[in-house]
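Quick one: structure below, then a few questions.
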């Protein structure tokens, strides 16, 4: 496993990317005793426009908290996909929501599409598309163990059992579909 | 809170608020403003749990006034804002200086001037934090570069404030304020919390501005046996208006001297890789992280580049900066502004070594490579 | 019959026009976009247009020439 | 003059608005621009001054002269504009935070001074722009991100306040009652002197969400259900009125405006100066 | 407790006052200190907060805790003091410039928020301290050093304004009507919640001099002649009332004060915390 | 006024007001404060005679806002204040920077910090006048040392303001503001009055922030054929909010660059006796007069001491100060503060010559002998 | 008879006590200092004391024991 | 005649010292084409407390506008007299109002007392004591011609003939009494 992972979660405002990023970071920090940073970039005009969160996970202290070279990019919207597809290197992977990203381009990086939003709708709540995606990322990259993320979900929704259950299911769904590839 | 001595994942703004509570702060008055609003929101939720008070004032002028009032009434007090609000606080910041009332003002800097770009980072208030209010005065300004700093340095900020009876500005920036990262929160030893010296004399003899042995006048609180007279006017030891030249001289100098003369105690700097460095980066706040990353990269190339991080921005660390300037062949000063800190470095630099800025005001952070480029430029200045 | 047109680029699917049309003539797409249905019921009151926060709906009142 | 349409004052290329789905701001903006059209305003003779906040972003869509100032100070900028050139139509757009919390002093003094400005304050009961903190109009007992245990502060009755400060025209409308709203706006624009129109509006994203009205129609209905006319209000007990929005026109009186009176002084001084030497009255 | 006298709160060694001959400030100060005495105030539990102005210098003569802040901000300082320690008696002294012109926003918000403070505003119709410029209460048509051609701005009816802002206790007295004034001050001090007392007062040096009332007794008589009680005022036409000072109590209602309500939140939160873990309402 | 080309006996504050009127100012908004109030009083009396408008706003925040609004509506506008009010104006001063609206702010400095001593002089706002508002910006600051300066430099201040579309701070002090002395008021040649460049393009093509050939964007006024969009937010050339990094970079740099790059035009210094001076006094404002008196006395002793008077305080006259530092053996910097200007002199000083301050904050002016004493001290520094 | 005492150090000769004494019992020195005269007329209303802006006048009401 | 005269007018607030000083300066500037400066020192607490005006008259430009070495001191109150009596040099003269300054001390300087206030009362208005004093100063020192000061008075009270007359009389009275010495 690499010593340092640089992950970008991208999409549009309102998709819960920060919340999702913080699950990853919490899992890394609290349950795997790693270092992690999370930064987000947003403007006043973000409602519905491009947003991203940079997550860095490392065994050592992290200095510059922005992603310099992407290892994993998640794109939950076409604008987000378009921004990264030409940019990222061949050793990176790009995962996108095939329910929303419809115009696919060639890229140096490997890319994988999953219908996260459709799957989320099946689970009864499209807001968990991000967590399904998270499951997929974990499965594919191995950056974190499933337990860590499950524990992070449990901590986060301690007082809201229903939300916890939904998110757990979403994570499992992500792990499941990524296993299929 | 999950308890103490705990590893946590925290946001800078959250850590500032929790640091303040750990320092004993029990009063927050503020007016929301991006990118500092989380500090208000957390304070609104947490303070009543701690028996403290959160109040949203009608504006920043009132917020600054209210924390001064609350502090005089005996509660450690703070506020948080960003550029536009910080500008509005300047007049009453001067009251805290003149009446010598401890308090902490957090400024999470954003891109300016004026309304600017509310959600974007900058370090454009470095000079303002020192000179923003009118008239001669001293002030302590502290700047964090990690989320852990937000917590632990906040305690320092309150401690300095209480010890020196002075407002302390906690000059953060959007990057650190919104950054979330790993922190280890330790139990704070009560010994490490400083609370203002109370008077011990006979209440009849108490003078709220009589400078004691410590160099600072003990400060009683409203409602105590000691009658406290505080004022924004030039005053005598008892707190009465006084326009005698000797008196003005004494007190106006005191506001600066009590800070400058305790520089040793107040100055916090961090040195990385400086021992045998050929070049140095002098930096503060979020930019320190870019510098650290740059140094790591340069290290791999075999270059000897060190960092002097100013944690205490004001009083300015003349001695420490001079030492570095005397040691190295050139200095790079990266800042998210058009050159503020660099002016101070230039002032202190006696040997005329090249000092080059990396100045960025496009609302993005400084990429480590931008610093590396300047280091190479400075190298070329050497014949 | 009146002409009710919706600018899909502007419409944010807030549901106001749908909810407060006095004759409830809108149906919705799954994403919430209003679909004018039962147009014959439209009274031409223009409340949907006036209350649309995004200038996304226009009602053209066609006067019935026969009357 | 050709008959004008709302679109003549709207910068269509900037649409869709940056506001959230169901935000009342867009409704008020349309009402204003329609009023401009109905009154045949010359956009080159019209200045829209905004504060900072979600509503304060309205100027981005308006085709007249604009001034986007600092948070809370719109009326002060506007006062300078109007006094410097009394021929301009000056319209000020403010939020409840902007106009009545941080900007409360300019509001009461502008009302008192009676500068010929039309001020339209969109009251969505919170600071939308910064994430939904409480403002001076947040209803007691409601929830905001900074009053999570229930808000303990009484809120202003802004119309009452502004009337007490001396404004000659004061009215309250709502984004639900759009026809009435537009009437108030047109009257306000036509009034010579300071006119103040408070608009009860929606912020589904923050105030709505935290108070069990997540969807825009929910808050619209809440506004509808809790609004009463002045006439109806007179029949209610103070307790019944407590949480109601009284809509209507509270003041409409004629008081000479500032610029008219100032011009008289200028005329007197310059006439005397022309006759050689100005003597000061006292 | 021993019976207290005015002198127990007065710093006699600082006398004579710095105020001009015939300035009303000294009359108000005596009334306040007598009220402290009558209510047996413990000076160690009392904080007097002043603004900047001639009246703002009153703290130099008062023997309690004091805070002399910046021009216009006294109520904001006082809010911090009171909320930090609700047991203190907090009294705020402001001029008309201080309290109602530059400080108008703090005034209306303090009134709304209902912090348990007693605010005593001495209205001498101008900025005494800086040489007699007009303020927000300068009567229309009167003369000041900055309205030499006759003042064109309407003035605030401060009691009306503060009542509209929500204050539970509002009264207007005058330095001529000293007995009534002292009654209002004592009532205000005893009122739980924000109380506001406006005092019509004299500035012979500036306002008096420029308006043909150079000597203190002239302005005292002007105040006397133009004062009417609320009851009498009700019988006058608006025109007759125009330049009158209506003296009396305009509001006296019971509204729970800020600290009491805040304490309830603290109690709830700390009780929950004691039971282990605080849950947030929403 | 007794007419033109006349010898008159005038007060500094009066001369500032009359200078403003002569420069074409026809709008004043302000809030009275000692020791600047005479400027308000004179404006209230004089402006209606000139067809202009005086308005007393509810506070200094509103005053600053109103002059910006009035200027945008086409009237040359100004305000006057002192320390506490100047602090309150800082937020909206930033608006004038960001929206590039010409206006002049007079600060008649008094003894601070905070309320301080209202009737006593100081020069404690030197740094604040440059750095008082948040975020990066440039600003022009001009300081008079005679009553004639108050008149003629005020015209310069308006000219710079109009020419560079920027706020100009006129940094006077109580001594000069209240000083009454002989002045000669000449007719001002209309050619010497600068008024902002108006657009000449097709009204449809007008962009209020499009930088023209002159380096400054022409500014139309409200009510003209050219639609004017002004904003305190980071904006594009058309005046729409814009958060693109390139755009932020361009404009934020512009606010500083338009001043710094025109330093040659903006910088006014006066040199007395410097030709063959061994020592120099670097000074500004009221203190210049003490320095001149000191130099007269020293001249009688045969000492060669010269003066560099900074009339333009900001942008800082680096070149001129450097030239002096390179020429003389030592510099004395007298200031009615605890050392503000001296920091800039130290920054510029490359040859490490001794630089000594005369710093006085007891609310009295600097006696010429105090400067003479320091000159002697500096002489001793020379081995 | 009541005792009316004036603190000459504090009194600023404003004339208020003189003017508004209901029984007009004061005369003045040339510099304006009030001189209590006709003291027998004093009703003990204390208005002079209450209205004195400089805490310069004190009225001690001596109760007439005979009544 | 000296090239430079340094004059201090001292007293308490409300005695019209600044107005009096400005008469001197106006006379010097407008009618004798000299340079003159006038500065005053006062505090917020000045009502009734010590005040002074410094006037410098010179044939050349005046730099430092405060009096460094007094040539003439006028003291219209005891506090003012007490401040200067021990301070001033033997070549200076001190003129005081003997109606108000009653405790006289020995001094290096020559001192002259005149009952300015009593004389002013005789003229019907004590506020012109300062102008009477001014007449005396002019007569004794010769710093300015009578005409210059008379002209300055005329300019100043152009629109108030009664005040002009009173002041003219006062000046003449001063010239008269000083002549007697």
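Order of writing sets the labels: A, B, C, D, E, F, G and H. Residues in every chain begin at 1.
In the analysis below, a contact is a pair of C-beta atoms (placed from the backbone, for glycine too) under 8 Å apart; a residue touches a chain by one contact, two chains touch by 3 or more.
Source: prediction; values computed, not measured.
Contact with chain D and chain G alike is made by E. Common partners of chain C and chain H, by the touch rule above, are absent. Among the remaining chains, H is positioned farthest from chain C, on the basis of C-alpha centroids.
Look at where the CA atoms of chain B average out and do the same for chain E: the two points lie 37 Å apart.
Computed centre separation for the pair chain F/chain G is 56 angstrom, with centres defined by C-alpha atoms. One simple way to say how far apart two chains are is to compare their mean CA positions; for chain A and chain E this gives 59 Å.
Residues of chain H in contact with two or more other chains: 43-45. Contact of a single residue of chain C with at least two other chains is seen at no position.
Annotation for chain F: residues 34, 45, 48, 58-59, 61, 84, 91, 94-95, 99, 114-115, 117, 120, 231-233, 241, 243 touch two or more other chains. Within the complex formed with chain H, the residues of chain F that make contact are 7-9, 34, 117-120, 175, 178-182, 289-290, 292-293, 296, 365, 367-368. Against chain D, the residues of chain B that register as touching in their complex are 31-34, 37, 40-41, 44-45, 48, 54, 56, 58-60, 84, 114-115. Residues of chain B touching chain F in their complex: 61, 83-84, 86-88, 90-91, 94-95, 97-99, 109, 111-117, 120, 122, 124-125, 127-128, 130-137, 231-234, 243, 245-246, 248-249, 252-253, 255-256, 337-338, 340, 343, 346-347, 350, 352, 360-364. The residues of chain F lying in touch with chain D in their complex are 27, 29, 45, 48-49, 51, 53, 55, 57-59, 61-63, 65-75, 77, 91-92, 94-95, 99, 221-225, 227-233, 239-241.
Chain A contributes residues 22, 25-26, 29-30, 33-40, 42-44, 62-66, 68 to its touches with chain B in the complex.
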